[in-house]
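Multiple structures follow.
Next, two complexes with subunit A in common: one pairs it with subunit B, the other with subunit C.
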Partner chain A sequence: MTPTRVAFAAILGKDLRTELRTMRSLPAMVLFAVTTFIIFRYGLDRTTLSGSLAGGVLWTTLLFAAILGINRIFVSEQEEGGFDSIRLAPIDRTALYLAKAAVLFIYLCVLELIVVPTFAVFFLQDWAGLVPMLLILVGVNLGFSVLGTLISSMAVNSRARDLLVPLLLLPLVVPLMIAATSASAPLLDAAGPSYDRFGTWLLVLGLYDGVFCLVGYAVFEFLLED
Partner chain B sequence: MSATRLKALSIATVVFLIVGFGLAFFWTPMDADQGFKQKIFYLHVPLAIVALLGFMAGGVEGIRHLRSGDSRHDVSSYIFIHLSVVFGVAVLVTGAIWAKASWGHWWVWEEPTLVSFLIVFLMYCTYYPFRYAIEDRDRQARYASVFAITAGAFVPLNFMAVRMAESIVHPRVFATSDGGLPNSMLLTFLVCLVGIGLLWLLLVKVEMAGKHASGQVSKLRRALESDSGNSTVGSRIAPSMEVS
Partner chain C sequence: MDADPSGTRQEPSRAIQLRGLGRDYGDRPALDGLDLDLAEGRSLAVLGPNGSGKSTLLRILAALLRPTRGEVRVLGCDLPRNSWKLRGQIGYLGHEPLLYRDLSGRENLELQAKLYGVPPADASERIEHDLELLEMGRRADRRVSEYSAGMRQRIAICRAVLHRPGLLLLDEPDSNLDPAGRELAAQLIGPATGLTRVLVSHEPERARAESDLVLSLNHGGRIEALV
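For the complex of A and B:
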């Protein structure tokens, strides 16, 4: 039995290498997000955003861009027989879950590294709120990756996989979005960042991430049985 | 469940519901603040509580299915969630009526409990397209259980997050500042809650008896068809109970 740590590193490395060579997910996610900003600019008819409007635009865009990535995270395994190989390999199946969640986490971090500064350049006048925002971004990315990996692995083996990911994921991430938007609205305020209930919302994010990390870890094995 | 027990359960349900709503209309005092329209509380709140407990019970059955591999638990998980979704429609409709009567709008976003319930309801509505998109029956049962567990864990988290995001305007009838519910209202509410709970249980049992029967029929049909060398069994979308 290969240790889970080794299997985890191997799958993670494989996925990151594939993405670097094929560029199948990340460029699409970034393009989608930037284009969405332009649509919001005209949809809302604003050239600057602040407060809850800024938080809403940023998080909605990131959520839908994340869904693009989540949709594709298991597609290569499904199409190229990766699932069968994992089943045959002498490794703990949760290594696949952890590795895929880590891949998704990295995708989301890279996405935000490009998209959040772009958002600031496009719409924000005061950038001071972006530093504490990093904590929220990490919390949300963690939630997206543990939950997105679980949902994606459920959807990829069904007939309607592209349809099911957004359908299943959107209601599930509502609490995550509530916490993220409520925490970032005061940070992006036009009068400068304030920390209204910032700690409470971080706690909610942490609790949410913790619960779904445990759920995902506990049930993922059953999704791979055949 | 035998027919006599099903009959006894139906009679108990009817009695509790008639007594409960009778008490609600003719015995409980008028609400000082809301008047007659407060009576919908005796229908709306029990429906919501029973639906939410049903969703959670579906998650517990999902866990039991994954642990034991027994497809009976998958069937009960499906039935629990299915009936709670049906009750959920009633919760949203009665909630909208109450909101219209109390606040003048069919939908009130500031009301966290109703909004949470809508999110939970939408979440569970995706159970059907998800379940039916998986063809292999064992896999369908396993994936549906994983869904039931994930969604079950989501319910309390969602209520917490939505509650925190809103100022509280939903009537807090059990713990208001002036001492809470009068005893007559509490008793009536409990009778209504038991009645709605029994109704849910009764529908679960009826549905289960139906699944059991259709499971037996399809087993017999398979036996017949394998005798005549023809094995085209139509694919079912809802699970049915296989009996050995």
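For the complex of A and C:
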């Protein structure tokens, strides 16, 4: 058997190289998020947002931008025979799951690198809360990655893939979104950041990520069966 | 009684053993009641009209598809129970080339080598050798999406044998190849390689000439002739 870390690195490298060449996912995610901020800005007719409203706008936008990436994460495997390649190779199939989750995590980090400062320029008066927000972003990205990869692998062989991913994903990310908005609302307060129950919500994020990481690791092998 | 309860390597001289193999798609049988033995180092040609289950048989032998009924043993591994032991021992060339379109031919082969755990030094040597053999060396750095169907097939053949498998499962390997390409490909996947081969073909004369055993399937996936 090929060591899992070797297979993981090979698949991760292949996906990142392909994205750098084709730019099929990331630009669309960024464009979607920035456009959504513009719509919110004029739709709400507000130049500043604060507290839970600011958190709601940010996380809703990031969630739907993430869905664009999640929808495409297994497309090359499905359309170009990558699933068969993986199933024929002497590797632990969870290497594919871990690599795809890592790819999605990297996509989300790059997305947020552009989109969160844009959000701050559009809506925030006080940027001090953005530093502790990094912890929440990492926690949410991990949750989106492990769950999104799992859902995408289940939906990819369906002709209704684009419909199935949000239908399956959205109910399952409700706890993640509640934790993210609750943790970030005090940080985005116009009066300056506060850390009310910040640790508790981070713990909830961590538990959520841990549970779905284990679920994905446990069931992914079976999802690749015929 | 099996001497080895794990079900592996009990009869190493037989590369493939099928007993009552069947596979259904819904209510429709694609394969039904297949019994077959193929010794190591021999070639089997599978013939039959479209829809007779030839590709299904190949996918079952590659552990890509589960049989609905019957016993399947490939290279001493009972399928599907021990399919994980078979991974990496098969060279599979199906209808799809299993190549990523946005990578070059060489990058696809390098990825394949990593997934199969081929040591890097061996991998680059084999890749260069096989590419040169199929006259793809100069074109290997172009993206697969820019290749013609024949060029894709040549790279797919390199991919199928890169890890030096013990069993070749070939589904119409000559498709899209010109006569020169066929001759070149024969050096890697032809009968002269001495490898155990299962070859699905629509060219009965050629398949018979290159094989030790010919299995003809009819509609419904039943054996019409085994000679």
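A few comments on the model shown:
The working rule: the second predicted complex is superposed on the first by the 226 of 226 C-alpha atoms of A that agree within 3 Å, B and C clash if a C-alpha of one lies under 4 Å from a C-alpha of the other, contacts with A are read in each partner's own complex, and residues count from 1 in each chain.
FYI, a contact is a pair of C-beta atoms (placed from the backbone, for glycine too) under 8 Å apart; a residue touches a chain by one contact, two chains touch by 3 or more.
None of the values given here were measured: they were computed from a predicted structure.
With subunit A as the common reference, subunit B sits beside subunit C without any clash.
Applying the stated contact rule after C-alpha superposition, one finds that A:Gly81 touches subunit C and leaves subunit B untouched.
Applying the stated contact rule after C-alpha superposition, one finds that A:Val211 touches subunit B and leaves subunit C untouched.
Residue contacts after overlaying the shared chain place A:Met154 against subunit B, while subunit C stays out of touching range. Legend: residue contacts after superposition of the two complexes on their common chain; A:Pro175 is shown touching subunit B, with no touch to subunit C.
Contacts of A:Thr18 after superposition: subunit C is touched, whereas subunit B is not reached. Contacts of A:Leu164 after superposition: subunit B is touched, whereas subunit C is not reached.
Once the two complexes are overlaid on the shared chain, A:Ala10 sits against subunit C while remaining clear of subunit B. Using the contact criterion defined above for the overlaid structures, shared-chain residue A:Leu223 touches subunit B, although it does not reach subunit C.
Put simply, subunit B and subunit C get as close as 6 Å, counting only Cα atoms, in the superposed view. When the two complexes are superposed on chain A, the residues of subunit A that touch both subunit B and subunit C are 225-226.
Of all the residues in subunit A, the ones that touch subunit C in their complex are 1-3, 6-7, 9-11, 14, 17-18, 21-22, 76, 80-82, 84-91, 225-226. By the touch rule above, subunit B contacts subunit A in their complex via residues 66, 119-120, 122-123, 126, 129-130, 133-135, 139, 142-143, 145-147, 149-151, 153-154, 157-158, 160-162, 164-165. The touching residues of subunit C, counted against subunit A in their complex, run 62-66, 87-88, 90, 92, 94, 96-103, 107, 111-112, 114-117.
Contact residues on subunit A toward subunit B in their complex (touch as defined above): 147, 150, 154-155, 157-161, 163-164, 167-168, 171-172, 174-175, 178-179, 182, 200, 204, 207-208, 211-212, 215, 218-219, 222-223, 225-226.
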